[in-house]
Amino acid sequence: MAIANQRIVYLNGAFVPESEALVPIKDAGFKFGDAVFDTTRTFGHKIFRLQEHLERFERSLRYLDLKPKYSIGDFTRITEEVVKRNLPLIGPDDDYWIPQRVSRGLSAGDREAWPDWPDTTVIVECTPLPLAARAKMYRDGIEVITPSVRRVAPEMASPRAKTHNYLNLILGDLEVAAQNPDALSVLLDRDGNLAEGKGSNIFLIHDGRLRTPREKFVLPGVSRKVTKELAGQLGYEVEDRDIDLFDAYSADEAFITSTSFCICPVQSINGRALGSTDIPGPLTKRLIDAYVDMVGFDWYAQYTSHLA
Amino acid sequence: MAIANQRIVYLNGAFVPESEALVPIKDAGFKFGDAVFDTTRTFGHKIFRLQEHLERFERSLRYLDLKPKYSIGDFTRITEEVVKRNLPLIGPDDDYWIPQRVSRGLSAGDREAWPDWPDTTVIVECTPLPLAARAKMYRDGIEVITPSVRRVAPEMASPRAKTHNYLNLILGDLEVAAQNPDALSVLLDRDGNLAEGKGSNIFLIHDGRLRTPREKFVLPGVSRKVTKELAGQLGYEVEDRDIDLFDAYSADEAFITSTSFCICPVQSINGRALGSTDIPGPLTKRLIDAYVDMVGFDWYAQYTSHLA
Amino acid sequence: MAIANQRIVYLNGAFVPESEALVPIKDAGFKFGDAVFDTTRTFGHKIFRLQEHLERFERSLRYLDLKPKYSIGDFTRITEEVVKRNLPLIGPDDDYWIPQRVSRGLSAGDREAWPDWPDTTVIVECTPLPLAARAKMYRDGIEVITPSVRRVAPEMASPRAKTHNYLNLILGDLEVAAQNPDALSVLLDRDGNLAEGKGSNIFLIHDGRLRTPREKFVLPGVSRKVTKELAGQLGYEVEDRDIDLFDAYSADEAFITSTSFCICPVQSINGRALGSTDIPGPLTKRLIDAYVDMVGFDWYAQYTSHLA
Amino acid sequence: MAIANQRIVYLNGAFVPESEALVPIKDAGFKFGDAVFDTTRTFGHKIFRLQEHLERFERSLRYLDLKPKYSIGDFTRITEEVVKRNLPLIGPDDDYWIPQRVSRGLSAGDREAWPDWPDTTVIVECTPLPLAARAKMYRDGIEVITPSVRRVAPEMASPRAKTHNYLNLILGDLEVAAQNPDALSVLLDRDGNLAEGKGSNIFLIHDGRLRTPREKFVLPGVSRKVTKELAGQLGYEVEDRDIDLFDAYSADEAFITSTSFCICPVQSINGRALGSTDIPGPLTKRLIDAYVDMVGFDWYAQYTSHLA
Amino acid sequence: MAIANQRIVYLNGAFVPESEALVPIKDAGFKFGDAVFDTTRTFGHKIFRLQEHLERFERSLRYLDLKPKYSIGDFTRITEEVVKRNLPLIGPDDDYWIPQRVSRGLSAGDREAWPDWPDTTVIVECTPLPLAARAKMYRDGIEVITPSVRRVAPEMASPRAKTHNYLNLILGDLEVAAQNPDALSVLLDRDGNLAEGKGSNIFLIHDGRLRTPREKFVLPGVSRKVTKELAGQLGYEVEDRDIDLFDAYSADEAFITSTSFCICPVQSINGRALGSTDIPGPLTKRLIDAYVDMVGFDWYAQYTSHLA
Amino acid sequence: MAIANQRIVYLNGAFVPESEALVPIKDAGFKFGDAVFDTTRTFGHKIFRLQEHLERFERSLRYLDLKPKYSIGDFTRITEEVVKRNLPLIGPDDDYWIPQRVSRGLSAGDREAWPDWPDTTVIVECTPLPLAARAKMYRDGIEVITPSVRRVAPEMASPRAKTHNYLNLILGDLEVAAQNPDALSVLLDRDGNLAEGKGSNIFLIHDGRLRTPREKFVLPGVSRKVTKELAGQLGYEVEDRDIDLFDAYSADEAFITSTSFCICPVQSINGRALGSTDIPGPLTKRLIDAYVDMVGFDWYAQYTSHLA
């Protein structure tokens, strides 16, 4: 199991090689998915909006009443150190996701075999972005499919907390992947409005107006927020509201946002082409350009450079 | 970290000391709670209804499209071996839970640091039952509280699959524990009917008739099934149906079933005493006696022996 | 437009060649789908259970307060005459659907251009069964997919009435056909239970027990009823109840019933193979055989004779 | 069947006398209500906002994935021609509705008797407005009743598409007409908010503020939009939002909008008089006047001129 | 205010003339409707099934955690005494309702002006049955209308408890009475199934099978129970289940049950005549006869004797 | 029963000592809770915003179609007179609630024993504010708990009408008081959003923005409105919107408003401390100060003077 040039992971106070970053089988994060996380990324090896991500992380922690002995400042320092230690391991054209994770660790009764394990497991790690695997999506657009399974309702567990409980989203993925392994699943909420996919937000464009599902029903993505800011600066109207399949089927353009995708154009929704068949559509294109300008790094070219 | 007389865990093909039973931080069971489990137990050191538990385990696996390379027969043999290896570690008056677990392990992209880790992590382990901690509940009855958070609806993720996604139930526990740390949380379903707590089923008794929530909204407990069989043999009517707080507040008796609880009497629901204030109530008492007879082991005495 | 050997249609009192069977563009059946129908069929050129179909037809008429001046006896005689006139047009190995239809015809204000058109349009017609096109389904089983659109709820318009308002079902078909043109759409109801596809019912089999959605949420198919009778005679338990995707994914077998399909095996649901991978599964096979015996005509061989 | 001075209908490429405008009984628009339409009107023989109506028509077409070989420009030209040909048939004080309709026509299998019928049936026709029949409503106000049947929910079939599936609305009409044939049915949505009647929108006025149901739950009427624009110009606040029976019973005024009604005052809702008992109420009166000014034609006088 | 020959009321321990039976304006039963009641009746001056009514009364008390210092035995004795004292005031052909009521009385803070008023107000009274006013309903059948307002859902307040909170039912009555003052309102439940009217249950008959809404959504009437017992004795199938407007519109017969109505035939539902137009229908007639036999008193003749 | 220095109550046209303010047991307000009320208060013996309260009162009356023969002007005069007559009975540091109530009184059939009682019972009364009992809440903050029972939905009975039907809220109180008698119950609405407690509204504060539930689901409190006005004047953003437990658990501050509370800080929600642990939090403090300034009376000091 000796792995050369391994990435370094922060785990409960120590920086360890990734192959040694393991958790006990009784960790609540494993047994129950009783854990939250957040994920920031680098652009051209620089961390993007870490503070915003950590504030969202804190809201997830509060929702589950998880109280690690780490402040936002602590997570900031650890994240920066983890990135610094791992940057030498990737090429100049690659970039990282940097997830922070806190689980409810081991309860007193489960600590017998791991007497020193804390009651909140804390992890900060690095994972290279899957640039090549996604390049095609920027050229052809994403095929979005809405599975029949509905997104967990806020009165059961809020989609706004980013947790280790992903089975509802995975059930959506399984339905969609069985029909089309390249498609992206976007679940509808309990009322049949578009909600979200696994870690991604969706935007529709009608007559120059952008619409995205209300925060109540989705994780409020940092890229979603960035996109709304940019659209506002470009003079477009942006609205959080319930959008359904009628909206989807009559949209001019659509795109997906996420920390890693930034903005990725949608080709079709349930097999229906959008009003504009350009990929990306004209307004999506302007937003992508503005996004690239704003971060000062051409992540769009970074993705598409992987097209054969 | 050297622990003497450690329990043995089956992990991905090997029997290892519990302190070495860990999973990578990128295991899907940790990152997403993308895993299922089941738990059988011993009575007087003998495994109880392992076949039934493994059949339920198989239905959970199918629900999530998890395909470990292990048959029910394999899990039977491993479970028996794990119990055999661990029995010497507990006293004659103690007993074990034996959970079987399968997660979606490591995806191809996440396997870099753990090249040999499988795409389905398989675990079988032993945990001593918390007999002393629960003794008081058999004497005084359980205080049941229904939190405001609703049980995840079947159209989002079926409660019938026993998975590593417990946050919805944990949110209920947090609400209840903040008011009364000794109370047991039983969530209502989306329509306001009693559903279930973390790994437990509830029964109400009215005029000699037993009622328990429909399987659609709860994990179909093996002890729930045993109890229904015994009640039938004793000549009581048993019905699966929607039961709500009106039913709860007008019940003569109530009890909780689970693999570890078997049958434990309820003292109150939302602070309301039941019609019969005996603990256990007369019909509950008959069922407990029948349960003890059926398994041939006095688990009730085992629990209450821990009362000072 | 002269068509040789045309089929004959009964339309508002006359037997006319099919090419002359047209309705005004202001007929309520066209403008609003304000019409109901039913469809019986022949087996070996003999009409099957016409009385039952016409009784269901009458319930649909009552639901919409449609009052044609025709009794069940009238529809019986017309249906028999329409079949008699059209049987010479098909070969000995073919069979017919025979739909009866009643729309709200023309209102007083819409009758200007068609002064003699009645206020209830009445149609009885014949359509050859698509035997060849479906043959493959009997060999391979039907691929069932549940679209994201939900079946119209009974408090909005009852699925038990067979009407000319099929858009909800067509929206489901469009979702599914975009992914897999050979698949059959089965919509979920408002609560996420399996409901029905366009004119078909679904059955699941678990441990020798048959389950089919409750009549409240589906058209109560005559073949569904026949199948339940046959299963009862064969000693199987049959239950109308809410069945959801957990039930679907853990089923041993599944099949579709309809007037034309009779019983057709299901291969997969949302891409998940069933417990028994035989097509048809063993219990489905026994029901198909019993169905063939009961009608005294081997419709199964009739379908499969069209394979290569 | 020779009708003198018949209106002319555009049907699948030809201008035909209305009595020859028929569709095959197998047309999907008849069998399934699988069709969409829109309706514009003339004011003083001039077509009103045809472009807006056709854009809405296009969204309905897209929702059902109907793809006629006609552009908006084609529909514009045909509509104008149909009006031109039919204007000589009405008096100077009358006006027309001009519906455009597209159904899914005949599928390949249904085309045997009509080999040349297209797979999208296209119709443009003219119907005189029912001025006399409605005159009384402008004098006395409309009696609105909310039936018990609920409007079809957007997750089942969007009310925003104007389709040939009207049974849900017709069920509402039947309930209401049985109690009061002069009353207008306005269905509540799944949550009990006011939605819409058959082709009409409702507005309430409280303290000078106009409120109308959200577009998600109703057809977004062109007259509804006109009214909102006019109200804005007159300095009134207008809001799309959920309005329920509490709002209805506490309203100062209310009115109905539709292409033909333009704005018609409401007398009562479920028998409850409104705050202002003038018909029309003062603010409704100002909107009617502004509407008349805007279109440059006194449609209000046109209606009321029919009062004996 | 001196009223001759007044009825006697039991109020908080004393038998007082009705005109002196008043409660403080701060009684919780007045301020909040925080009270429960039940109502039995006499047949030919004899009390009917008092025990069953008082057991239901007790369940209502428990639901609201009301704890009057009276046992069922106490209420039995008081009820009998109240009847005995009031029987001399009615003629031989008249009969009484006898309601028992318990409110939460005065809280400590509200008792200043009534220092001796208890914390549970207890009332038992007599009211003559409105025989003449209802006679016509037995001859013509009841016109049932379903209003648009939905019955309060069990997760909000259970319809099974008979309380002083009737506004939801009164809102239904107001809707219906505005259209037809002679009609009876029967509210639908949250899912659109028939529920109940103010103090009455509904039964439908299809093909000799009786169906009535599930107890979960209605007050479980004693007459409802009696009717089910009688139907069973007569060999009819009786089922508690969700019944909706499709069931209503396709019913052969329907009737209403209540303590005072016993069984009263329905003429129409939302203006739709039933399958059998006899009043009462043949099966309803048999049940009425059996009901009369069972109580040994011809209440049916008692009602209809009031027809001019 | 002679009480010295009794408060005076206005009852149906007369000013009577409180001990004589009683209603017949057949008053609809007692039997059915068929009544509405509103409550204003004094600050330093001066009535506050009576007009606004009476306008809300009028909307409640209209919702229930109650038509007392009293105008708002009449209620104003009576209220002022009732206050004037009762002020001498309290000390200079005390203040009054002044409820106005209208019930549907006695129907014709119920009026036998009270021939002169009207068909709308009208009451105006005075009740001293419970200043001492609540003083601790201003020092420590209110412990808010959300019970499992859901607030009655607007399609059943609108929470916007202030009626005598409080059982739904009382069921919430009973759940909460059983766990913590000092806590305040705030019910969730049917979708799991925070709604309201018995006569109180809740506000959350995030990053200087105030949020309170939409009026559709709560009584629109006059203090709620005052608070929104003050917050606007202080430059804070205020929004009516759906707020759920995620919002609650991530709030910086929270407070309760009501006519009597004005603004009272919240300590915790379901046992979770808020972001700011000061009581009151900084923004809440500013609003309290502004509220005190606006009314020109230090009600906050009035409450807290009762500490110690």
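Quick notes on this structure:
A, B, C, D, E and F label the chains in the order they appear, each numbered from 1.
The rule is simple: contacts are C-beta pairs under 8 Å (C-beta built on N, C-alpha and C of every residue); 3 or more make two chains touch, one makes a residue touch a chain.
The shown structure was predicted, so the numbers you read here are calculated from the model rather than taken from an experiment.
Note on interfaces A-D and A-C: more C-beta pairs are in contact across A-C. Centroid to centroid, with C-alpha atoms defining each point, chain B and chain E lie 45 Å apart.
With centres taken as mean Cα positions, chain F sits 33 Å from chain E. Within chain B, residues 65, 149-150, 153, 155-156, 174, 188, 192, 245, 272 each touch two or more of the remaining chains.
Chain pairs that touch, as defined above: A-B, A-C, A-D, A-F, B-C, B-E, B-F, C-D, C-E, D-E, D-F, E-F.
Those residues of chain E that touch chain F in the complex are listed here as 1, 3, 6-7, 9, 11, 17-19, 21-25, 27, 29-35, 37, 64-65, 101, 103, 109, 112-116, 123, 125, 130, 149-153, 155-157, 163-168, 170-171, 174, 190.
For chain A in complex with chain D, the touching residues are 188, 191-193, 242, 244-246, 249-250, 272.
Listed in rising order, the residues of chain D touching chain E in the complex are 145-150, 171, 174-175, 178-180, 188, 192, 245, 270-272.
Against chain B, the residues of chain E that register as touching in their complex are 59, 62-63, 65, 153-156, 158, 160-161, 216.
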